[in-house]
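Which chain is which? They are A, B and C, in the order written, and residues in each are numbered from 1.
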Amino acid sequence: MAMLEPVHPLTPKSWYLPSKPHKFCPGCGHGIVLKALGENIDELGIQDKTIFGCDIGCSLLAWNFFACDSTQTHHGRTTPVMVGIKRSRPELITVGYMGDGGGYSIGSQHLLNAAVRNEKVTLILVNNTNYGMTGGQMAPTTLPGQKTETSPYGRDPEQTGYPTKGPEFIAQLTPDSAYVARATVSKYNQLKRFIRNALRNQIEGNGFSFVEVLSTCPTNWRTNAQQTWRFLEDEMEPYFPVGELKSPFGKGDK
Amino acid sequence: MEGERVLEAYVGEYASGKSEISINRALELLGQGRTVTLVDLDTVEPFYTLRSLKPQLEGMGLQLISFSREDAFGLGETGAMLNPQARWALRRSGDIILDIGYGVYGARTLNLVEGANESKELKVLAVINYSRPLTGNRERIREYILDLGRVDAIVANTHLGDETTIDIIEDGNAEIMHVARELNIPVDFITVDEKLQGSIGVEVSGIPVKFIHRFMPAAMW
Amino acid sequence: MEKVFSEAKKAFMTGNETAAWAALAAGAEVMFGYPITPQNEIMHYWTRMAPKYDRGFLQTEDEISAGFTVCGSVQSGKKAFTATAGPGNVLMQEPFGMAEGMRLPLLAIIQQRGGPSSGTVVYSQQEVTLTTFGGNGEGHRIVYSTATHQEIYDYIIKGFNTAWTYRFPTFILGDGYQAKMREPLELYSPEDKGIKMVEPYPLIGLPGHIGEDREPKHLCNIYSLEEELYEVVMKISAEYEAISPELTEYQERECDDAEIIIVSHGVVSRAADDAVTALRAQGLKVGCFRPITLRPFPAQELKNCIQKSGAKKLLIAESAYGQLFRLVRQEIYGETVPMETLFMPGVGIIDYDIMSKIKSML
């Protein structure tokens, strides 16, 4: 049998190729989010002035994903680090990248207050309903009844409350100049458009920009491809409505 | 007593000397056989100001409205604590000396004292030390006094602590008096550490010099 | 950047105001802070003056955020600082750790208050252990313990240069008494004293086109393998040890023939100094030694003092229950001179306290 010629997939220019192939698990949604971000960085021509900041958690695997100046931070602390950079160098485009644990749990105080202050940063939060890197514990976004390593009988809202709806509460906290949306890796074009808007909003100096992205974690969900997609589309998306909750660019895309 | 009593409020920068001058002024009046109440209206961390001097001052016969240590037990920061008695201080008989703490609200702290705005007897005096950077040149003094709100008179209190010299006092106060003339606000008196009594006249350009005893160092340690 | 003082001038003010003016004179560009007594007036005066000198300020949601915004700011090349105390210092250990791990030139002014817990808002020397060795690292920090307003001013200016020269987090360790005391000092612009301020520079957000002029910069603070971290920590340790001799600062007085050496730091060293004067006047052979840098500690210098004097005893005096004592003991390991202690946690120490203790030791 003849050897197949290796196929090099098209990659955004802003991807850092020495770190590819990336280290996310097969079936993980992070790669899709980062592709959408990379294509937007290319199309907006902001590679040289983008600062990419990574939280701890699976987001950290993206620390050298881009050929952009990047920094690691601490769990939950990406938001204040990005705020410190943006306040000091407003000409830079700061993109904070975090998971649901980093953003909604340990870093919620920072997320909330950065939103209230309408800090001119862009934050992308990947919601996969669990703590992936530490081995699948319950997250603020774990669905009712969902099993995780720390909710072995399924999340009981009586005991641990209901999943955090981040964009909904951030939309309540921010003025009209903010951009707030929820996207999903199952709708790539929409995801890319939302991230583009979140970057544009910072570039134009309007205000806080936040995109939560519903994503997949087959490794910790212990799901095959079909089950993974089913969980995303049939369980997560009905619970976490996708769309633009606040946009300075006209009527929100629902 | 009505009409004769002294109602004075001393306002100024942090560490401008307003507490020191308030105490000295209260004791001066007390020395004239008058009834005097000294009110600590320093809403910023009052434990640092008059509180530790309370027993001593009360022993001298002053009435003091300020928190004592026991009052503040367990209260920690106490930054914005207002003694309820301070609110009604002007209802007391006799002379009232108000020590107003520093802050961006300046003389507006007097709003906390019932009747202060309506009182015709009350006089607001701004204490200025030229050796402090924010009141360290004419322009800054002017800006500072205008920002205080109501100011009826100025007290020139230029000094450098233990390093004070007559030159420092005279040069600094000359600048303060210059601005006072421009703003048409009288300089009521000049204050000088009693240790320098004898090296400076009892009057400068017609303005009386009051020699003061420094109590505040004892309040720190 | 506009000169803050066109000529040196004497001023009379509190330590907190002094700190704010020093940061201005040093060319600090932005402060991030969160209110906590007894450092508040540093923020009050900074926020009053910052707009006049085109400097920045942000009051963050907590001390964790204040520390991390400083980390981000210095990464982007700005001379940034914060100030805190007590429980705020505890919260800031997390960003201070990031600054240690990533070698960020962060400067923090600590005005110690009483502990543990919320303690008092007044005064102590109980944040020595936290400031020198706090965090989950190896204490790779530079800590100046000041005693006078002039030192607060001088060491903040020096501290920014230390931070940006060596890129270790740098601390100005004061206390609530120094914060609130009033005393005269000289204010000046560094250049007028021949002090050249080190220019800040960015670690990320660099000029040039990525892929054409330069590679992207990826800053890292977490490692996969034990060996990788080992390499990093060993490298940082070696660099820290190499610069330590040029960083250590101390003062000694009347130690040549001292039978008892008082060891103290910060504001307590003023009481020790007064005590030495008084005791010498009484014919007692007493000297004093004061570490100005608590990290790195002037260990060899203290050992030299002990050896040249042949001191029979040391007296460690501090407004804490043994934090300086533990530091001294570990630093001069091997010396057999007996040590006595005067521990007054959270309380001021005056010359009388030290003199009484010395007389009980004779």
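Note that a residue touches a chain if its C-beta (ideal position, glycine included) is under 8 Å from a C-beta of that chain, and two chains touch if they have at least 3 such contacts.
Source: prediction; values computed, not measured.
Common partners of subunit A and subunit C, by the touch rule above, are absent.
A comparison of C-alpha centroids places C closest to the centre of the full protein. Of all chains, the one whose Cα centroid sits at the greatest distance from that of subunit C is A. Centres computed as Cα averages put subunit A at a distance of 39 Å from subunit C. Measuring from the averaged C-alpha position of subunit A to that of subunit B gives a distance of 57 Å.
Computed centre separation for the pair subunit B/subunit C is 34 angstrom, with centres defined by C-alpha atoms. Contact of a single residue of subunit C with at least two other chains is seen at no position.
The part of subunit C that touches subunit B in the complex is made up of residues 9-14, 17, 21, 37-38, 40-41, 44-45, 48, 118, 120-122, 177, 180-184, 187, 348, 350.
Listed in rising order, the residues of subunit B touching subunit C in the complex are 14-15, 44-45, 47-48, 76-79, 104, 129, 131-134, 136, 159-163, 168, 216, 220-221. Listing the residues of subunit A that touch subunit C in their complex gives 13, 16, 47-49, 51, 53, 56, 60, 63-64, 66-74, 77, 79-89, 92, 109-110, 112-113. Subunit C meets subunit A in the complex at residues 29-30, 32, 56, 58, 60-62, 64-66, 68-73, 75-78, 80, 94-95, 98, 102, 202, 204-206, 208-211, 215-222.
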